[in-house]
């Protein structure tokens, strides 16, 4: 029973491991280059899921000070708000993700123009015939 | 946070991810990836990371999918795996 | 090759799971992540930056240099796509 | 003996003179051959003058030192001129002057290609040789040792025929390979054990033995050193030397009788005397082992030389065996042995260079390379063959030629060490030497040329520059027997500095 | 090139929607202090409006409104605004990106100066993100072979 | 002004790149001088910083005025300052070199090229200067993205090589990020100095061990350390020559720097050597890397691919020096970072000049090249001798320290492998040099080669690098005594 509790208490972490491995598998084992890129995105979002999971606190709310708008702030109870730092980091990570994604897509289009296919084995076959 | 809802969403996310990398039509794959992103964004909103969720909604479900579709129009839609 | 892939994934999974064993429980308010640096943000941010959204305050002020880097990453991606794809007629 | 340390820039000047000459030769190029070659002559004369000017103060018991830069603690680019160094340097630089004249005659007569490269590499190799002679520590030695290998590679490959390329490849593989794999490793071990690389008269391992440095370690280091200094031509790493005989003859003469191989032997002497020290080696029994190893090389190489038909190959195997005399003398670890081996450096140099010069002159004049073709050549080229005879007698070790002196000292050294088998080795090898040199002389003077149609062979010598050079070296070999005082004094100083016996 | 949709309805609806989307994007940028959002999200929404236009009409319609040259300048301009605010702080005598010092030139106390500084950089981020996203989309959707402008 | 130098050295190339993109639309010819000017300023700043660090100790800089660990802080110590000098100097030299080849290869994209080049430099300098684990990731991505794009504009095979690099590089960066996340969940901090203070209490924790493992794997991918090197040879071979010269000499070295930071600053040497057997594993992998790199290089005919495999071996040298865990080895590794950057830049620049002039990278076509391009070939020779480790060149001196370090820690195999790989590189370079100097005499001797040297703007950087390779050797003692000895972790 303890083990069940232990597993359940960390369910988010197990889920991110599963997602990450799905992405990892697609990146290194898939033959189609577009699938590799999708895998890359899944891999990155899994890490983001992990970071966001570290930010949550039981009984806390979103990190926006509720009585904002210029009124004098009361003593703020830190347990009341989620940890904002991982959110900040992950905003940056998402941007990095989409940038990498854009460059990867641009490369895919270049490759398609050159080889007229996006299957890795077919491209390698073309290269091999080029080498003679 | 409601952990039952969390787990449910996460399981759907995993299913979406598996579907996105295994369907043989790249356009479906792109749409499934958009769905994956959107569900993930729900998970994060539910965890209280509203900014991250917002960003993921605009980027993952919006711009990325548009990029994907643009790329697939320019390349091929079919794949062997 | 398939075997190697399998081994790689298995090892990575094992390492990930191994590291997870010692992690603080999910959503634990007393974990180091929630007690070391972040409380200061929550307490001070509004007072010092007059911005109620702590995430924005941290993003664009405490760690604004990261955000500058992030913007540069986007910019780099844009120039990279221009360089790779654009064919001037 | 009182030794004062004099700080002077002369060692650096002596080394850089030929480097500057190399640069000038490069800038002059093919445009003006006379100017280009006058740089070589000028540099060799200046170099000899600088080195000679240091002799008096060395004879007075001083040491000249100059530090260029300290690269790391215990790793200095430093020169220290002592008796052994000046001994070697004066030999090499004197012979360079003669070889320069000879080279000019040779390349012009043969109309060699790439003469600029030839003279540049020659100059650099000489710089590096003097650098080894003057180096104050193992690091500096290693640096110049490698420069010699690299700068002589183009000389060996000079002809650019497939055969020459193959020989040159063998040459560089042996020299560079062993020096990186074994010698460098041995230097690392030395530094890590002793914390210094500076040569010292007592041997730097002497002081550290016992505290943390085991005997096994010392033996391994010694073996690595001996395997690494392939330039000394000890078996089984000798086969580069015959392979390098594809080089033009002046190269073989200077480099493979003097500069390169003597550098190897010189480093062996340095390692034996100044790194390990004679006390340590005799305690470990390594001296005797090395002596027997050298004896083995002497006998085997001489035997192989008997069977060589190619003249230069015969000379090369002769070199292999003669080099081991020097190592043998040092390995005896007795005062006379050391004196003898140091003397052999110069005596063998004069003798062997005459032989090579003669071989080159024969090649230039008649294009003959084989011993079996030399019938009756003595009448055709009397001066050349006279010099050859003198050189051969010196090699065999008969009076009144210089070679006798060193064999004499070696023999006394062997008796001092109580090594009767070594005396037998020396005697045997003397006989073998005679066996492979005398037939050549016999053929040259007493056999009729078989294929010559005209019965009265006219005198047809090589160009006068070459003949002059070889006559000069041969007479040098004679002169050294009658007036060896300068070299003998220096050799005695070397012995005194390491043994304390005068 | 993305093919033209024939539907009049789609074109009209999109045309009607675009200003609202853009307005919302600007709101998200400006209101990032008080609610989720900020330069990045707002920039993405602005870019989405142009992408919608490209999908509904064609790429030239977008380029009529936002010329390629202008777009490239916006790419740089956003980062220049961001880094420039940092350098402004440097010139005013504080460390890089220390907005507090801006109270010397702005009519606000240091805390509000920081708030304004945040707004400034968010605008910069918004510019860059919008321009880059539009640029990447146009390049990807056309394979980089859309009409260049005559210089 | 000097107190702002740590940030200026990053902002200057950044601003220059932004302006480059804009002015390049109207005046393409202005891009080159602007780039060179910005990078020259970087070099001056980096030297000024090194000087300040040597004279007055570490520089700390708080970005945004926030105290660490809440804000991001720069901490410039000897290692940082030293690396900044290397990277900025090499970037300047390569920028000077790049003009002709870029004008030839991509006349319409000059502004974009220099923009990305400056961004690459910005990213690398940012990695070096920062004292924050997450900030490092951001700059890592800037440099990687710029690197992907620059590599992809090379020859025909470049896009595929670049795509594989994207996949591998993303895995590496993500593993690093995951490691940072683990450290964050274990300690709650992101600042390196803060982390190194907090971590010793947690050394037994599985999270921390996992963090170390993932960070090391991530960095190992980025620096192409042995089993994870697969992307490197393709990427560096097919990139434009100016780009390969820069990435080959600077990028893997920056990876090595990050590895040093993780192993010896964020974690204490005590952890990486005694708590877990990390250094032993790294050491043996380094041995494999040295042998593998040299043996594969032996079989190559494409000169750039051959050099790429040698880089793998050189990375092995550096890691070997770090793994032996003593003062000598560490100094050797840091010195080798410097030396290898110079040697690789020299060789790649020379190879690029040869390709520019003759249009070939195949060593079989190099016959008698010496007569055509003597200066370039002499520089190539100097670089090659330095890789082999022939004394007057700098390559010898770092090997000296590395071998002494290995001997000191009784790792005989490491020392022997280093010497064996030196021998293998000797074979490689002699094969090429013999071909260059002597050619095949039976092969088209009639076509007398004409003197056809590379243009001056290429020749000058090549000569600078070759002279650097020669002179660095003589000053290595001084470099060690004035800079490198202070970078050694305290417990060695």
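Order as written gives the chain letters A, B, C, D, E and F; numbering starts at 1 within each chain.
Here, a contact is a pair of C-beta atoms (placed from the backbone, for glycine too) under 8 Å apart; a residue touches a chain by one contact, two chains touch by 3 or more.
Predicted model only: the values in this text are computed from it and were never measured.
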By mean C-alpha coordinates, which chain is most distant from chain E?
D
If I average the Cα coordinates per chain and compare with the overall Cα mean, which chain comes out closest?
F
From the C-alpha centres, identify the chain that is farthest from chain C.
D
From the mean C-alpha coordinate of chain E to that of chain F, what's the distance rounded to whole Å?
36
Based only on mean CA positions, could you tell me how far chain C sits from chain E in angstrom?
22
Could you state the distance in Å from the CA-based centre of chain B to that of chain C?
19
Going through chain E residue by residue, note those that touch at least 2 other chains and give them in order.
34-36, 38, 40, 72, 75-76, 79, 83, 86, 96-97, 99, 136, 139-140, 143-144
So chain D residues touching two or more other chains come to none
At least two partner chains per residue is the criterion; list those residues in chain B.
1, 50-51, 55, 59, 63, 67, 70-71, 74
Could you list, by residue number, the parts of chain F that touch chain D in their complex?
385, 388-392, 397, 400-401, 403-404, 407-408, 415-416, 419-420, 422-423, 426, 430, 434, 437-439, 441-442, 473-474, 476-477, 480
Within the complex, chain B is touched by chain A residues 8, 11-12, 15, 18-19, 22-23, 25-26, 30-32, 34-35, 38-39, 41-42, 45, 48-49, 52-53, 55-56, 58, 60-64, 82, 86-87, 90-91, 94-95, 97-98, 101-102, 105, 108-109, 112, 117-119
Any idea which chain D residues touch chain F in the complex?
69-73, 75, 77, 139, 142-143, 146-147, 150, 154, 157, 160-162, 165, 169, 172, 176-177, 180-181, 184-185, 188-189, 191-192
Note: in the complex, chain E contacts chain A through residues 34-36, 40, 136, 139-140, 143-144
Contact residues on chain B for chain E in the complex?
50-51, 53-55, 58-59, 62-63, 66-67, 70-71, 73-74
